[in-house]
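Chain naming follows the written order as A, B, C and D, and within any one chain the residues start at number 1.
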Amino acid sequence: MIKIRYFGFLKEILNLEEEEIKWSKGNSQELLTFLRTRSSFWAESLSEENIFRLVINKKVIYETTPISSGDEIAILPPVTGG
Amino acid sequence: MIKIRYFGFLKEILNLEEEEIKWSKGNSQELLTFLRTRSSFWAESLSEENIFRLVINKKVIYETTPISSGDEIAILPPVTGG
Amino acid sequence: MFWVKIQEAPFDAELPNLDQKIQENNCGALVSFKGIVRGYDEKDPLDYLYLEHFPEVTEQEIERILQRAQGHWGIRSAIVIHRVGRLNIGENIVLVMVSASHRKAAFEASQFIMDYLKTEAPFWKKEFFQNGNSRWVEAKQSDIEQKKRWALS
Amino acid sequence: MFWVKIQEAPFDAELPNLDQKIQENNCGALVSFKGIVRGYDEKDPLDYLYLEHFPEVTEQEIERILQRAQGHWGIRSAIVIHRVGRLNIGENIVLVMVSASHRKAAFEASQFIMDYLKTEAPFWKKEFFQNGNSRWVEAKQSDIEQKKRWALS
């Protein structure tokens, strides 16, 4: 199992703060691909331009990274602080 | 008569805060030329690189300007504030 | 000395202490930037802002930005305070303070930090308008452009 | 609102009021720069600085600098406080505060104002060293170079 957290407008359009899904193995890119196959709505919501970065176990990742069972993944939309 | 005021290190090397001199007419460049003819020490002290700007009656001048009797001229060395 | 703080409370009352905190021995320049909630965007009059963030990750990312600024400009100290939660018009939202030996480093580093805060730190703003509408703010192209000028090693 | 003040007294205690003074309606960005007397130059340990200026002309020249900044960046307000007389190590020497709608204008205008203060306003610094020597500070080539980047209309 892995936990996925959503932030900002993603949390709102998906109406989902977090979820747990089964995950044996695969990398961060494969996780996104999997989520996008759920429906055209998911594919659109998680389009490349809607995703700023992924965070695994509270560490921001800057390139494709393996995801293992037990990991917590956060999906961050483009940031607008400051 | 005109009054001439010196500031910063000019005041110190000339050992002169202000002086009054006779002046019938001429411009700011001619005043400098006149002062420089007093001695080689004056010529050196008032060399171009030692003069940042002239001020006539509390107005900074940016180009050659006529000087009339009664004017107060200030000679400013390069500034070092901030 | 780096100091990063995410808080709901305003920080204006803290400013005098921060000034003392950051003014290190033999630093000649202190730059501070304060961001304030503006009353209207292009279209509708704003009622208030709501800011969400990602606790822990936000602090890490800001410290990473400060480390980069120190590596490049050799700044002495930096303080970042960023508010979250509900923010009304006219309230302060972000504070960046940088001390350095000379003014060029302090100015450039504080601009760099602001540009990166805007485009790297996990904050999300939602605007609530006086007409009852609300929307998540979209990332600004101009912020992304401003970031590009820093071609740091 | 432009506000220029030349004074012998320190200005730290005034800072909280100035913050309120400059934070105008709907301004989103406030930048402030504080210059501090550093303890040593390249060679000798400093004892203190002495600053001379040209009363009336100094204020005029600073206002001219602020007018140019407003013309170019459309800043809302600016405050300049410059101290004169004897200044000890670690004391503040100059304050520039600028408010504007957006951060780019506030940052650039405050840098412009500092660059021009250094090279246009009639202040002269004399350094008094711990070994008893003293000398008038020479204008820095680096300040003149920094000024050149502003090719304002």
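Keep this in mind: contacts are C-beta pairs under 8 Å (C-beta built on N, C-alpha and C of every residue); 3 or more make two chains touch, one makes a residue touch a chain.
Keep in mind the model is a prediction, meaning the values are calculated, not measured.
Counting hops only between chains that touch, subunit A reaches subunit C in a minimum of 1. Distance between chain centres (mean CA atoms), subunit B to subunit C: 49 Å. In this assembly, the C-alpha centroid of subunit C lies 24 Å from the C-alpha centroid of subunit D. Counting partner chains per residue, subunit C has residues 35, 114 touching two or more of them.
Looking at subunit B, no residue sits in touch with two or more other chains. In this structure, the chains touch in the following pairs: A-C, B-D, C-D. Across the complex, subunit C meets subunit A through its residues 35, 51-54, 56-57, 60-61, 82, 93-94, 114, 117-125, 136-140, 143. Within the complex formed with subunit C, the residues of subunit A that make contact are 7-9, 12, 52-53, 55, 58-60, 74, 76-82. Taken in their complex, subunit C has these residues touching subunit D: 12, 15-16, 19, 23, 25-40, 90, 101, 103-104, 106-107, 110-111, 114, 146.
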